[in-house]
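Across the two complexes that follow, chain A remains constant while its partner is chain B and subsequently chain C.
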Partner chain A sequence: MAEFESPTTLVAAANKTREAGYVDVDAYSPIPIEELHHAIGFKNTKLPLMVLIGGLLGGTGGFSLEYWVSAIAYPLNVGGKPLVSWPMFIPVTFECTILGAALTAVFGMFMLNKLPQPYHPVFNNPRFAMASRNRFFLCIEATDQQFDLDKTRAFLDTLGAHEVTTVAE
Partner chain B sequence: MALRETADQIFPELAQNQRNFLLAGGAGLVVSAVGYATNPEQFFPAYLLAYMLVLGLSLGALAFTMIHQLTGGAWGVVARQSLGAATRVLPYLTVLFVPIILGMPYLYEWTHADVVAHDEILQGKAAYLNTTFFIVRAAFYFAVWNGLAFVLNKWSKEQDETANPALPLRMQRLSAGGLLLYAFTMTFASFDWIMSRDPHWFSTIYGALIMVGQGLITLAFQIIILTWLARRKPMSDALTTTYLHDLANLMFGFTVLWAYMSFSQYLIIWSGNLPEEITWYLDRMQGGWTALGVTLVIFHFAAPFFLLLMRGIKQNRGLVRKVAMLVIVARVLDLFWLIAPEKTHEGGAISLMQAISWQDVVVPVALFSLWIGFYMQQLRQRPLLPVNDPQFEDALGPALAHAHNAGAAH
Partner chain C sequence: MAQSNQPLAERTEPVAGSGTPVVIAPGHTFASVTDKISSIVLTQRTPIGWYLALLTAAGMAGLLLISLSYLVVKGIGIWGNNIPVGWAFDITNFVWWIGIGHAGTLISAILLLLKQTWRTSINRFAEAMTLFAVACAGIFPLFHTGRPWLAYWLFPIPNTMGVWPQFRSPLIWDVFAVSTYATVSALFWYVGLVPDVATLRDRAKGKFAQRVYGMMSLGWRGSARHWHRYETAYLLLAGLSTPLVVSVHSVVSFDFAVSILPGWHTTIFPPYFVAGAIYSGFAMVLTLAIPMRAIYGLEDFITMRHLQNMAKVMLLTGLIVAYGYGVEAFIAWYGGNYYEGFMMLNRINGPYWPQYWALIFCNVIFPQLLWFKNVRMNVPLLFVISIVVNIGMWLERFVIIVLSLHRDFLPSSWGMFRPTFWDWTTYVGTIGLFLTLLFLFVRLLPVISIFEMRTIVPEAKVQEGHGH
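Moving on to the complex of A and B:
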């Protein structure tokens, strides 16, 4: 794991790491850095698709519920309107779409990023606490196919890092 | 330094484009004059439609200028100079309002004394709906809009030149009051100019619907013009994928807001089913109007909604521009839906085929061309980016510096 002093050096280093062929790479920064997603080779997640499906399911569910209640379970003539007055169902359909999409977004996010995560090996580095203040970290994980403790360490040393450390599992 | 260059210096062809648009608009007006001479009954509704369309381009820009002063945001820094140019077309629009005053007898049945004499409801509304007060109100609206646009543009120019640190707060204060004034005046303007075409009918959300429409067409137009300006520096660097995405998201939001408000108006009136309210929809559910209603649901809501859900489209200049063009066409259809169904003397409205004429195409195209011509004339006079905007460095500093370094390296 390499420690950097500014976002620009971190992004430059991350770009070089990606170009060197490392895949299992993660970066830690106290502020959002737009270019970083691309620099660490971050792929778009499945989350948007999950949210869309969640929303559609919610909407269909809401509409079906209204249909079932007003046409099958408890048919009641209101104001001489047909039992299946679809304009009346739209607000509930809309709200259920939002509910389905929002819940999927929140829990889908937790599922995909594995939060909350009380333990992670990077915490073993005492300097890592600065990742939430003014230091920027780039971590090549041992699971990477190209990972070789000495070579990777030597590679990180070439990136102009403030300090390179090995983090125990 | 390139940032200080005016649009005219960066895009010398704008002068030619401006001339072409003004000539096309002028020619369109000449053809429209033939329509006026031969069939004023068709001409004035077409002119009102065209006018509301281009008014939205300027007033929506005024509203977004003021919103950006209050909320900040990088999207606004990118769009600010172009929005300003759009608001500076307002003086021309003030002049172009004159035909609507001349056409009042054709547009509004409440201007006819004999109609009012046989109509108790119109007699009750006569204190508000009368020709003199209509013109006085219009004068007030234009005074407010022109005043706001003039002062904001004057300060914006001063900021470009002197970076006076007192200006941002002054602009913010004016914008806070200005937005309230805009909402107030535009609500009543939409009641006066469009809703009173059907003087018995009323809907309190009407003004908000028109304002959302103005916001929507402004976003669509700005996306088209900004992606066009992004062919050269500095806009090519300033209009980053992120900011284009922001603008497209705003357009998405306004599409949904329009649908939300249109539907809530429909739902309330439909479920109430009261004789004095439901007529407006009954008129639009016969004589072929239903087809237009369904078209609106598809092209003003469903199509842009699903297209703008996709990130790939929102981040692609060419694709998002096509969606913006669709939105502008949908705005024309929506205004036609609001304005064109005219009451017949037997009650009920004329059919779609009776309402539509070649003038509904020619007059909007003519006014739109004229508007773009005037807009370009205004755009050319100032730089494309507000270098002294307090947020300029935060919003655009990295993007422009990055491009500069990349350029130097090559």
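Moving on to the complex of A and C:
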């Protein structure tokens, strides 16, 4: 695991690591860095699609509930108006759409990120506490096919890191 | 962002030539931003003033507890509302609080989508304000039912009575809109907090604080994959909250507009309620931000630029509200409806004329001072204006609700509303609850989003040419 002092050096190092053929790589930073997920070879997330589906389910769920309640479970004739007076059902349908989509966005994000996760090996590095302040870390994981303790360490040393450490599992 | 790159000798003074104050004072780095904001929370010594403030607020909140307990024992007869004025302080306060909440969502969602980086230092506590305001708002309709333990009747839950809610009623829309709004606001706020709570976890000295922040941060470690999904989720939430916030106050206005009462039955209500909500919400953000930045020395982060921008938003939304008043009066005359015309004249010249004219003064006349730059740069005066607008927006809801109800179609059913002691204590009590929650929040969680502040310091930008 290598420590850097600025987002620029981290992104440059991550690019070089990817070009060197490492795959099981992760980078840690105190701020979101737009360029970084490409640099570590991460493809786009499927979260937006999940949110779309969540919203659609919420909306159809809301409307179906109103339909079922108003026309089937508890039909109430108010001044001869139709039982399925759909324009009056739109506000609740809309709110349910938003609710479904928002819940999917938040819990989908946590789920894809595998959070909550109380333990992770990176926390074994005492300097890692700085990852939430002003330091940037690049981690090549031991599961990588190219991983070799000495060679990988030497490679990380070439990237202009502030410090390189080995983190126990 | 452009401004923050320029070296400046004077903090918060206008940038030479551009006339615009900076969003963040120069010289700040990742470390200084982190340390400054987290030190408010992580300091070992709690200021004595905080205890005094919390005690006062909690005392007021205690008043709420007493008022509501008494209400449950005696029934809503302890309030002054009675036919024909069936809605009075309760719904006035409900709409007022919900409106205040809207600025939080506007700042966090709409300004994020518009890439207004100045929102960064005010969005966190504005969101907290939203959450607490919605909590206060919810109390009123809940207890106005008189039997709050039967509030589940409002939800579509199978029950032994075989009765279901009436989905054609705006009051049911309100239940869905407000509960969705409360849920989404809470999620938005919490998601924003996760990386900051991780910072607190890493920097807290006490074992207990480490544990609690550790649990709240869910093991956040700032992984690039996580950040990417996080940003996507945050942006989507912002995109979802934007139509939501507009819909919530539109639905609140439907409570009135869908009825046939003169003074309520107008199509201008949804846009004018939404503008009014943003107006009062920004006023409340200013009311809270001005003392907070002075007490905690946050002038570097909440600069004159923020105060000015908020003043401008207030001026704009205030004009929309003024337009709404104008159109209401015009249509009352132009529509030729006898009752509508009477309602308007009664507002101007009826028994509640002082409230109506106070409303016009607070919301339309006094805030015109904001046209002047000297006024927008004058912090104490801005504070006064924000308080006046808060009062004005409360009066607006009072005028809409009570004045439309107290003159029924038949003079034999006319009445007057006078607030009782318990009307006032309930209202003051919710202010106490709001402030209590706010003081606890300021002490226990970062009032400014640390990670978003880091993104606006100059070093956050990845320099071109190194990357590829």
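Heads up, the rule we're going with is that the second predicted complex is superposed on the first by the 168 of 169 C-alpha atoms of A that agree within 3 Å, B and C clash if a C-alpha of one lies under 4 Å from a C-alpha of the other, contacts with A are read in each partner's own complex, and residues count from 1 in each chain.
The rule is simple: contacts are C-beta pairs under 8 Å (C-beta built on N, C-alpha and C of every residue); 3 or more make two chains touch, one makes a residue touch a chain.
Worth saying up front: this structure is predicted, and the values here are computed from it rather than measured.
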| item | value |
| --- | --- |
| Which of chain B and chain C A:L149 touches, first, second, both or neither | neither |
| Which superposed partner A:M88 touches (first chain B, second chain C, both, neither) | both |
| More chain A residues in contact - chain B or chain C | C |
| Which superposed partner A:A168 touches (first chain B, second chain C, both, neither) | neither |
| First (chain B), second (chain C), both or neither touched by A:R133 | second |
| Contacts of A:V11 with chain B and chain C, given as first, second, both or neither | second |
| Contacts of A:G79 with chain B and chain C, given as first, second, both or neither | first |
| Chain B versus chain C as contact partner of A:P48, first or second or both or neither | both |
| Contact residues common to both interfaces of chain A (with chain B and with chain C) | 34, 48, 81, 88, 91 |
| Residues of chain A defined as touching chain B within the complex | 34, 44, 48, 52, 79, 81, 87-88, 90-91 |
| Touching residues (chain side chain C, partner chain A) in the complex | 29-31, 34-35, 156, 162-168, 170, 172-173, 176-177, 180, 183-184, 187-188, 190-191, 195, 198-199, 201-203, 214-215, 218-233, 236-237, 240-241, 243-244, 247, 251, 254, 451, 454-455, 459-463, 466-468 |
| Chain A-touching residues of chain B, taken from the complex the two chains share | 242, 263, 266-267, 270-271, 273, 309, 311 |
| Parts of chain A lying in touch with chain C, wherever the complex brings them together | 6-9, 11-12, 14-15, 26-37, 39-40, 42, 45, 47-48, 51, 55, 62, 65-66, 69-70, 73-74, 76, 78, 81, 85, 88-89, 91-92, 94-96, 98-99, 101-103, 105-106, 108-110, 112-113, 115-120, 122-123, 128-134 |
